[in-house]
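Everything on this sheet refers to the single structure shown next.
Which chain is which? They are A, B, C, D and E, in the order written, and residues in each are numbered from 1.
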Amino acid sequence: MSLTLFALTGAALVGLGVYGLLARPHMLRRIIAFNLIGSGLFLFFGAAAARGTGLDPIPQALIITGIVVALSASALAVGLVVALARSSGTAYLPDEEGRL
Amino acid sequence: MTTALPVLLLMTSLLPAGVTFFLAQDSHALRNALQLGGAVLKLALIIWMLFAVADGAAYEAEFPLAPGLVVLLRVDALALLFISLSATLWFLTTIYAIAYFGTKAELSRFFGFFSLCVAATTGLALSGSLISFFIFFELLTLSTWPLVAHKQDKPSLRAARVYFAYALPGSAALLWAIIWLESATGPVLFTEPPDLSGLDPAALRAIFALFIIGVGVKAGLVPLHGWLPAAMAAPAPVSALLHAVAVVKAGAFGVVRVVYDVFGAENMTALGVGVPLAIVASFTIIWGSVRALQQDEIKKRLAFSTVSQVSYIVLGAALASPLAMIGGLVHLIHQGLMKITLFFCAGIFDERAGVKRIDGLNGMGAQMPWTSACFSIGALGMIGLPPLAGFVSKFYLGLGALEAGAPWVLAVLLASTFLNAAYFLPILYRLWFLPLASGAKGDDRAPGLVVPAVVTAAATVGVGMLAASPISPLGWATLIVTQGYGP
Amino acid sequence: MSVALDITLCALVLGVGWATVAGHGVFRAVIFFITYGLLLAIVWARLGAYDVALAEAAISAGLTGVLLLAAHGRLRRLNASQEVPLHLNLPAAVVAVGIAAGLGWAWFALPAPTAPDLSQALPQSGVGNPVTAVLLNFRAWDTLLESVILLAALLGLWMLARDHAWDKPLGLPYHARPGGVLASFGRVLPPIGLIFGVYLVWAGADTTGGAFQGGTVLAAVCLVTIMAGVLHAPRVEQAAWRAALVLGPGVFVLSGIAGAVFAQGFLALPPALAKPAIVTIEAALTVSIAVTLVLLVIGPPDEGEQDA
Amino acid sequence: MTALVAGLTLPLLAAFAAIALPMRARVPAALLGAGLTLAASLWLAVVVWQTGPVTLSLGGWQPPIGIALRADGLGAALGVMTALVMTAVALAARHEMAASVAGPRAGFGFWPLMLLLWATMNAAFVSRDLFNLYVVLELITLSAVALVAISGKAEAIAAALRYLLFALAGSLLYLAGVVLTYAAHGTLDISLLAARMAAPSDALALGLMTAGLLVKTALFPFHVWLPHAHSAAPAPASALLSALVPKASLLILLRLWFEAMPDLAAPAALLTLASLGAMAVIWGGLLALAQARLKLIVAYSTVAQLGYIFLVFPLAGGDGGAQVWAAGAWTGAIFQTLSHGLAKAAMFLVAGIYLVAMGSDRLSDLRGMARALPMTGFAFALASITLMGLPPSGGFTAKYLLMTAAFASGQWAWALVLAAGGLLAAAYLYRPLAAIFARESAVAPRAIPRSWQAIPLGLAVLSVALGLLSSVPFEFLQIGRPDPAAEGL
Amino acid sequence: MNALYSGSLAPFAVLLWPLLIGVVPVVPRWRDTALRLLPLAPLPALAFAMAGAPGAVVFPDLMLGVELAAGPDSALLLGMTALVWAVAGWYGAQTMARGREAGIFTGFWCLTLAGNLGVYLAADIITFYVAFAAVSLAAWFLVVHDRTKAALGAGRVYITLAVLGEAALLTGLMIGAAQAEDLQIATVRAAFTDAPLGPLGVGLLIAGFGIKAGMVPLHVWLPLAHPAAPVAGSAVLSGAIVKAGLIGMLLLLPEATGWRMVLVVLGLLGAFGAALWGLTQRNPKAVLAYSTVSQMGLLLVLVGAGSQGVAYFALHHGMAKGALFLCVGMMMLATSPLQRRAVLGLAGSAVLSVAGLPLTGGALAKLAAKEGVGDMLSLALTLSSVTTTLVLGWFLFRLADLPAKPAQIPQWRGLFAAIAGLAALALALPWLLWPGAVALPRGYPFQPATMLEGLWPMLLGLVALALARRLALPDYPPGDVLVFLPTQKLRPVLQLPVGRQGRLYRKRPVLRLLLMCKLAERWLLHWPIAGSALMGAALAFAAMVWFAV
């Protein structure tokens, strides 16, 4: 029951993240949304891993790896957003500046 | 030996090409020696083979690339016909080009591609399978492009662009046709006609049309001929090569291969595609002549004349009768000799007298008697004046047309003869009969330029005069047809 | 009871998640995101995945949050933090609902769970914590690449520096007020944090914890010290720091090669030597991870905005 | 096995060395690493040629516990291509660093990033684990984005950010698929997955992974990030990005559809993939035609060239896999991958030389470059031949094989795409060629050493040689092929 | 390999000799020598013909297999041709201005001569055609030699018709050869009967030969070219070259009857029409040219009627007409009234012969010709004497009026003697050949009825001439049909407006397309759009797989 709950929460988080990633043009928002999707997926994964007898350690390891990967990507992305703002004055992609 | 020879033949021009690219600009002697050495060696090899092949020998070399993708080099009579033309004219054109360019810039590049072009032509001639034919066909396109663009001025670059714009769709069509066909029949070797029963007639007709479009671009079939006159911006040796030896000939040769070695005359007749092809060829013959008549530049006029003349070969193939075939094949050689003479001379007029336009030729006959005489012989040959080379081809084509039951072709030949006369005779008239314009002068004291022209002009006379001899092009063409395609 | 707790938790997570997406203002979104990370850590704990919970709290909520906060501050100074209010984007909504619905459907469509049987393998892995066993033994290749990813991200970040600032210290010029709270905090925290971090690594072998979690704590400590001005931000040329960056992955690779030479194959650990090898690798990794994370947070060498 | 491990670890160690070592020792270390890795890749190819696919369970743990690596003909061939391109790029980059105005930042970052990319490319070619491939893909993405940003210009930052955005979205989609796959089957190993009982959720997993990989492979219409990213990067980096990076995700896509889940190859999906490929061919060609800068033309040409490869899906996928033409189609697609990699790297390296020599890559500024730098002109021309698919290049062999398969399977519309694409390629490559080979040379360009000019020429020659000597590669690619149907046509 | 040749080399030498002389002026220093050699060029042919054209030769390797041999008709005409060429050559050698032009003239004179001889010697159609082309085309140089406007204009018409004729001839020959599968003239001729396109082939042959032979309405070049050419050229053109068409008809037109009527009708039209039209001319050479058309018309009638005396008739006409043209030249060169009178006398005798004064060679020729052609045609032939007398009488008047040029040549007398000899032969040779060539009894010409039949038309002609002298005859430029044809309107037809090349690549639509692509690309670049599409694609692929599996 709880597992289903967590899994569906994970799925909903993914949906939220996807919407944020697509609908919000500010790049920092998008980085946040990206993390939201990732964590939602991991939650789903964790719920799935807990279905059997005991908690499967492999998914946990994969999730930890995934979290680090997400952090790395976020760090580079944040750096890029700052660099973009520094060079162009906005945190929007050039084609989306008009939306500000 | 039997496998080495075709490869060796290819190498005689491929190796000089490779080496020449890396030669310093000013190492003229070495470059010239390479070029001429390769040409001479190739000629020697060919003469050797001529006798062997006449006795029925065949040389073959095979290089598989991928399954179905096999480069097959094979020396048969038809290959040898084309290759001896290209080798002979290559040799002469090399001499001519060396004299023409002197010590101008970018010669290593030029001669590199020049040799590469001949290598491609050689490969084309030797191709024993459709796919190797295509490979060399493309190699030819690519190696000719830098030659057309050689001067790198605006018209040359435009010409090169137009050339590509025509050639590449053509090769796409050709590749399309080849693969379509081979997907049903397996790899097509010229020695054994493919079994076409797996394809329905409509598909076969479409394939045939694609083939003709593919090779027709190079052969300058109207309406695919637009690149040819534009390519006149190239230097004279290139025009000579393009028109007489390599490109248009490759197209015409391709038509012959397609018609006789891929489809076969019977199939072609059964499919009913021969007559449309003959009509296209006929239209090309007429149209090219009419357009030639409208040109004021010598080389342009010659270019349109090529458009017209090369279709004789196509016509010969399309008529699918032995005599027409002989006529077409022999025209392959004859047109080459005549047209190269004309282009040599046009180049000499340009180089030694600065004359590009027809009206500048007034009175040049006295100033440049050798050149003018060669030009006249070439032109008269084109008209079909007996006993020059062009007459022989026309005669056989006419007989072939009657044999094939297509007498209307005679009208085409007739009209063409007349149009040829209409655009060549005024030039001769100007050369010999009109007074020299004031200030114009020229001379032909340039043996490197004139001697090749004289040789080809003499050959134009010779092949006509000695047509019946077994070693003449006509004799060879007859041999091909009786050996390979005879009933 | 527990179900009710879970429902509440999930509702909270979803609510905060919604707020990060739909809320007004980037700063608020960042704050909500940190909150969200912490809530999620609780969810992981509810699932019994304590390693993940720790990683989520330390890395997702903590480090990512710090990164985002720092970036937001930077953007505010660059006048780039404003944003347009949320408008309904129908196509986005449709695909978002579609993806979520798909995943939801998939949950019910999943076949019966089949987990690989680790009971044979675990005793040979040299560690008691199965997650660590997976990370550093069974799927060590993943972990090795993962540490390299951090390195790659750092390299990428450094590439965003301006050329004239390349030889400057990393990050913005930072001046802590001497004697301020941060400065004194910076003197007190390091010893405690250091011990906690090392403990996490050591414990990771058998219970919850590990190189990444420990490294994160160490990184946090290090950051505070730098912010306090106790420790100076390094420069790129300083070789010791760069060596520290590659220490962990380097040791990892070399031990993998040693496995190939002396044991069954690449990355293989003979059961007898597994434990010490893992601890050594973890130690080295921790150093590298800590340094990398610190440098990731402080960012590329920069001179600030005065020249912009 | 040793060769396999060497190919993975040597570039990693070299990258670490390049990070840790001081300035003076950096480049020699990187070049040494490059040389050794090249040797390892060639060695691996030889081993695969002699003994068949090389399999390795990392740490001695069999899947599903551990991760398995397997170097088949396809992986080893891509490894060799990567090694050749990487080596060439390394050599060219050494020249460019010496000549260019790029400061110590680029000089520091390029080498480790390049070597990391190399290591991960090699990892991608041999990995059999879907999650490991996710990590690999992320590593590739981050290195690639960093390489884009290395030039430091504003448009490069924007392009890199956009690239990262697209790529991360793709990663997430792929990750979602991986999560579903593991949740359903408890394994991520491709070989084990091939033998699994299909689950309903697999459809969603496959769809998610496919879409994620498509965006990383820059298939139309998800290619929009590529041209700007590739053209904004410094030329050696562009060469890597265009020639290699999309090939990793492409390979995974192929492995998914042909090895892991061939049972799910729905005709409609295969058809859609190929249709998108066909549209990429046309669209990329048209947009390349519309560009005025050499690097943009070359970048859009990547979009087009990648499109060809997707024609393999209906030709060799699904039910077609057992047909006689499948081997040809499959090998043709890989040939396209290989020859495009070599040729495209050559083109970008030429563009890099021009940028150094002229300070611009606008076509109008490149007039007459062939006169000043003849080897570059020749290299560009040769590479163009491959991209146009003219014989006797590798591109031709690829097109020939694909076209034959198209006709043999009765799907001749794909042949039309191949033909049209070749013509478009000719059209868009003609413009730079015409400019390069124009007569005038306005500004005397900066001197470029011959040893530098020779590098792209070498690559271009290789791309042509791939066609001239295609029988050995053809055989090689059959090693360990998933669906060894009857030998080609 | 075949043997180089088989048979007697004599016919070959006959052809080779003029060609050798023709090559001499290539060397500038030898030009004058070459010109002096002109009269010698046809002498081997003459000797060969006088010997009865013995022997035949085959060169299997030359061209498509050259065969040389001459039948009786050919031999007759060969001799006549050689004779005319020899005398005209001498005239030319004497009168031609030295220099480069003379060199060209010499070369092509010899080439034309070789061709002209060749048509009689050829036994295969290729050799025949080659010879015919040589005589047709090389003669153009004789026409335009003076480079005057009239000469060049005439040359244009001449070459146009000659090329057309060549083309028609070639086509006709091909039709025959295709049926015969052989190149021998006799075989080809026989094949026309059965050839599918036989009638067309015969028609083309008639046209081709007809152009050469001045058959109405293809004769238009003749009245233009003959006056324009230098006298020597006119002489050979009118005397010898036109006979090439005739021999072609004799050799190649098959036995079948369909075409004969055509020839008869056209011949009669020419015979009478051209003669009458000659009265509209003032230039004596033009008058003579029309007379040639007229006489050739008669010959065509004879060919059509299948007369045995065609060659015999042609023999006489060739020599007489050659002499007449040369007389015009002599008149122009005459410096004293005595000389003028002598020329007039010579011309008058030749005229009488052509007109058929009994007991002249011309009368004999007519008698021989009338034999076996039927009453109607016989009457026509008789009547033709009226017009011949008329036009040639007119010619004599015009000749008498011809102003003398101040030029002088040293050997006027010698030349005159030679021409007189030619004329004398025209009068006498039919007598000598009568027994061999004609089946009529030796005494036939002397029969009073015969004589009367020859005389009354002449008298009628003289009356008509007297009348015509009273009339104010119009003065038309030569060329009749051509003058009234709108030839100028033909030129623009050949210069059709043709679009520029590369139309395929007209840029505008391409640019528009590219612009649209760029805009679409910019739209796709939008992340919300691209991203939504991406997520949608994931779902779509999933759906496709789901529904399929």
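Everything below uses one rule, namely that a residue touches a chain if its C-beta (ideal position, glycine included) is under 8 Å from a C-beta of that chain, and two chains touch if they have at least 3 such contacts.
Every value quoted in this text rests on a predicted model; they were computed, and no experiment measured them.
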Graph distance between subunit A and subunit E, where chains that touch are linked: 1
Most widely separated chain from subunit A, with each centre as the mean of CA atoms: E
Of all other chains, the one whose Cα centre sits farthest from subunit C: E
Contact-richer chain pair [C-E vs D-E]: D-E
Middle chain, criterion being Cα centroid separation: B
Where subunit A and subunit B are represented by their mean Cα positions, the distance between them in whole Å: 67
Chain centre separation (subunit A, subunit D; CA means) in Å: 28
Distance between chain centroids, defined by C-alpha means - subunit B, subunit D (Å): 42
Chain centre separation (subunit C, subunit D; CA means) in Å: 31
Residues of subunit E engaged with two or more neighbouring chains: 525, 527-528, 531-532, 535, 538-539, 542
Numbers and ranges of subunit C residues touching at least 2 other chains: 89, 91-92, 95-96, 99, 102-103, 110, 113-116, 118, 138-139, 142, 146, 149, 152-153, 156, 160
Where subunit D touches two or more other chains at once, by residue number: 65, 131, 135, 138, 142, 145-146, 149, 157, 162, 165, 169, 176, 183, 186, 200, 204-205
Chains grouped in pairs wherever the two touch, ordered by label: A-C, A-D, A-E, B-D, B-E, C-D, C-E, D-E
Subunit D contact footprint on subunit E (complex, rising order): 510, 513-515, 517-518, 521, 524-525, 527, 530-531, 533-535, 537-549
Subunit C residues within the subunit A interface of the complex: 2-3, 6-7, 10, 13-14, 17-18, 20-22, 26, 29-30, 33, 36-37, 40, 43-44, 46-49, 51-52, 55-56, 59-60, 63-64, 67-68, 70-72, 74-75, 78-84, 86-89, 91-93, 95-97, 99-101, 103-104, 107, 110, 113-116, 118, 130-131, 133-135, 138-139, 142-143, 146, 149-150, 152-154, 156-157, 160, 210, 212, 296-297, 299-300, 305, 308
List of subunit E residues in touch with subunit B within their complex: 1-2, 60-65, 100, 104, 126, 129-130, 133, 137, 144, 147, 152, 159, 163-164, 166-168, 170-171, 174-175, 177-179, 196-197, 200, 494-496, 498, 501-502, 504-505
Of subunit D, residues touching subunit A in the complex: 65, 131, 134-135, 138, 141-142, 145-146, 149, 154, 157-158, 160-162, 164-165, 168-169, 171-172, 175-176, 179, 182-183, 186
Residues on subunit E engaged by subunit A in the complex (per definition of touch): 522, 525-528, 531-532, 535
